[in-house]
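Two complexes are shown next, each including chain A; its partner changes from chain B in the first to chain C in the second.
Take a look at the complex of A and B:
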């Protein structure tokens, strides 16, 4: 089990090479890919997420840790084919139409993956139809919308309205976030969930799937 | 004709910069998702009108609509091959409007790409992009370059250095955007005010400071921190608070009167140039002008 603690530590330090090596080593010791993910990579990413929220670390540290996580995931992926893919929920994610800002959205994507969600990142400048179509195609339970600009925030409402219009309310829940977005605004437009930042997106979605 | 920026600062003058550009463009037809800099090609007369409003409000520096004018950013709209034209047109529009009564301040925002190792952008590629934009700025006769809304000190330094090499002789101002955290004021990339002051000065910035952010009270504190770290002249351009959505429109809470009431504190904290960012209007700038002139005569 010591090796898992080392993975957590190296991941927190953003040490891509060591995380990659240790993950391979852990598999070599016969540990289950699922355990390495949960108790190593995800545990490490969670710790980074908490530190980010507490302002103990900043965006560069999170990005380096995410790279390290991906390096570890590469070794685990072939094993998930046999053991089954870990997945506590599926989220289709993107920045709304007219908005080209994706740093925050990318961060949410990283943290959700780190928490064990299956994330489909559509990218930026996504029109409402593309959001809803992708969510249906991917059979996702959640739709995550991001906006940085006050001028593009209203597009979030268009997406929420389209979800209702297609009769997907309840089955497909919408979570919104971004610098100008508030809990109040989320309520006003009828979104199911609101996240203040990337860490709270993880908290809210985990709560929503009963974790 | 006005004297140069550095001359006026050396003479101890406090200057007023202008306010928001984006909201002014939206009121004149810019749609969400449109490239703001495309206006420079299509309707430069709008830029003249906005510049005139800020000049009449009493701004000593009037900004160009070139925040996203680096070829890296323009590429997102397929306009990168028109970089020179986009930037030149913006400078010319402001110059026509101010007619020598204010300095033409050339806005230079982030590329929108994350530098290696955190992202995939190569520093030399970013440097080249800034150089290309700022060469166009200098050729068109910008009086000042204003590198702004930076969060990564590495990128800010590249922009300042690019300005020094591509626009030699043109003074450079550089501002970063700070949030209030448990560790004091930091950019989202974790840069402290002291680190920003030191890094930007080392890169050759003639003026340093802060823009955007969460309202003018924070700016007063940020200005104080700058004063503790550097003797370089200080530029402060605050948002009019955080936006709230009302009826599908963004409303910024801080009134011209409220912002103007903080001018004395900003001057005390060492600010040499005071302007506005998101949510500020010519009315905010007029109020700031009045407060500055009352406190610091000699314009």
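Take a look at the complex of A and C:
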């Protein structure tokens, strides 16, 4: 499909207008919305993710591509209206209680959406109960916790403990990240996964869902 | 340190232009440094972000001199500092010290949040980086103001060097913020401390200004925590 390859290329270039135009055109040609999503938009974001990891492009370039993806998604969403946008996993995400830093968490959210995850962003200063309640309500497979302060990191353990207490271990996996958080700390508090940055959050979660 | 210095307290208001960051500093915060040419579209976002920053930021600062015993207490905080820290070896040699806080005010942080909420995340991200660079410039401006005031008052020779150090960095535990806020009272410029020791507005910086012989600031960045540190500028500051 030439048009899907063009979508991938335009998305890699972060060309919002062309991605929007090509997505509309692809639908007009009778291509399935699901194929345009998987083989066009998500494939393009995956390619950008690889370039980012290899330091060929920078975070703002990734954000330009994510914006272009959003432009394409606007045309696809009505086609998914009944069954919802297909996704490879659902993640409830937020910055832990006491912490108001949310840029890192926002970037994780943008990149996970680009990789095909359904993301429910709770925002910042979120108490453990609100995290777990939302994850249950949304039937999410993953809970993503972000913290930028050493003083708020212990809240991550409170969330992990609550997940265990409610008998959700295994069903609801917890991924933690943020500047002061390390893989050792993640292990120490019993989190299932650790992400060094937004790109590694995508990698870890994709690996966790077998992609 | 001379006793008559201990009441020295200044509140400073800066113009947005005076803390406007260099484009290179904003790009560096986005991971682009050296000879990397950003995408022309990112240049346009940069222009927009710097324009927004100029309209929204309300930079202000407060500093207040502290005695050695006073700072001893602030530095110790809740007793959670690393066993060895650079600052522990630096401040005992200071000729003058002041606690300080700076802020860019609330509107910039609110605008950044609004941009992300509206999915205008490229501009939000660039504005966040620009605001961080501006906050750093504001901290540098207060550092220069304090150093300059000491020289102008004849309290130290112009060869002395003033540098800033902040709780939460280089093994100085963030719990020192409590003592720092108790003494400095930066609420006067709108900066408050939350239970988690987080300052609001977010684009604020606090710490201690240490003035002394240039050599007192020299240290080998070989402390155990240096290996985990992502800041590469600890010894390259002006």
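As a convention for this text, the second predicted complex is superposed on the first by the 207 of 211 C-alpha atoms of A that agree within 3 Å, B and C clash if a C-alpha of one lies under 4 Å from a C-alpha of the other, contacts with A are read in each partner's own complex, and residues count from 1 in each chain.
Heads up, the rule we're going with is that a contact is a pair of C-beta atoms (placed from the backbone, for glycine too) under 8 Å apart; a residue touches a chain by one contact, two chains touch by 3 or more.
As the structure is a computational prediction, the values presented were derived from the model and not from experiment.
*Asks:* Clash or fit: how do chain B and chain C relate after the overlay on chain A?
*Replies:* Result for chain B and chain C: clash.
*Asks:* Figure out whether A:54 sits in contact with chain B (first) or chain C (second), or with both, or with neither.
*Replies:* The answer is first: A:54 touches chain B but not chain C.
*Asks:* Is A:28 touching anything from chain B or chain C once the two structures are fitted on A? First, second, both or neither.
*Replies:* neither
*Asks:* Does the superposition put A:110 against chain B (first), chain C (second), both, or neither?
*Replies:* After superposition on chain A, A:110 lies in contact with chain C alone.
*Asks:* Check whether A:70 is in contact with chain B, with chain C, with both or with neither, and answer first, second, both or neither.
*Replies:* A:70 sits against chain C, while chain B stays out of touch.
*Asks:* Once the shared chain is lined up, is A:188 touching chain B (first), chain C (second), both, or neither of them?
*Replies:* first
*Asks:* Touch check for A:78: first (chain B), second (chain C), both, or neither?
*Replies:* So A:78 meets neither chain B nor chain C here.
*Asks:* By the touch definition at the top of the document, which applies to A:149: first (chain B), second (chain C), both, or neither?
*Replies:* Both partners, chain B and chain C.
*Asks:* Considering each complex separately, which residues of chain A are in contact with chain B in the first and with chain C in the second?
*Replies:* Correct list for chain A: 58-61, 63-64, 67, 98-101, 103, 149-152, 182.
*Asks:* So in the complex, the part of chain A that touches chain C is made up of which residues?
*Replies:* Of all residues in chain A, those touching chain C are 14, 58-61, 63-64, 66-67, 70, 98-103, 106-107, 110, 149-152, 179, 182.
*Asks:* Within their complex, state which residues of chain C touch chain A.
*Replies:* By the definition above, chain C touches chain A via 30-32, 36, 38-39, 41-42, 45, 112-113, 116, 119, 121-122, 124-126, 128, 168, 173-175, 194-198, 200, 202, 228, 230.
*Asks:* Hey, which residues of chain A end up touching chain B in the complex?
*Replies:* Checking each residue of chain A against chain B gives 54-61, 63-64, 67, 97-101, 103, 125, 149-155, 157, 180, 182, 185, 188.
*Asks:* With touch defined as at the start, can you tell me which chain B residues reach chain A in the complex?
*Replies:* 22, 26, 31-33, 76, 112, 114, 117-119, 181-183, 186-190, 242-245, 248-250
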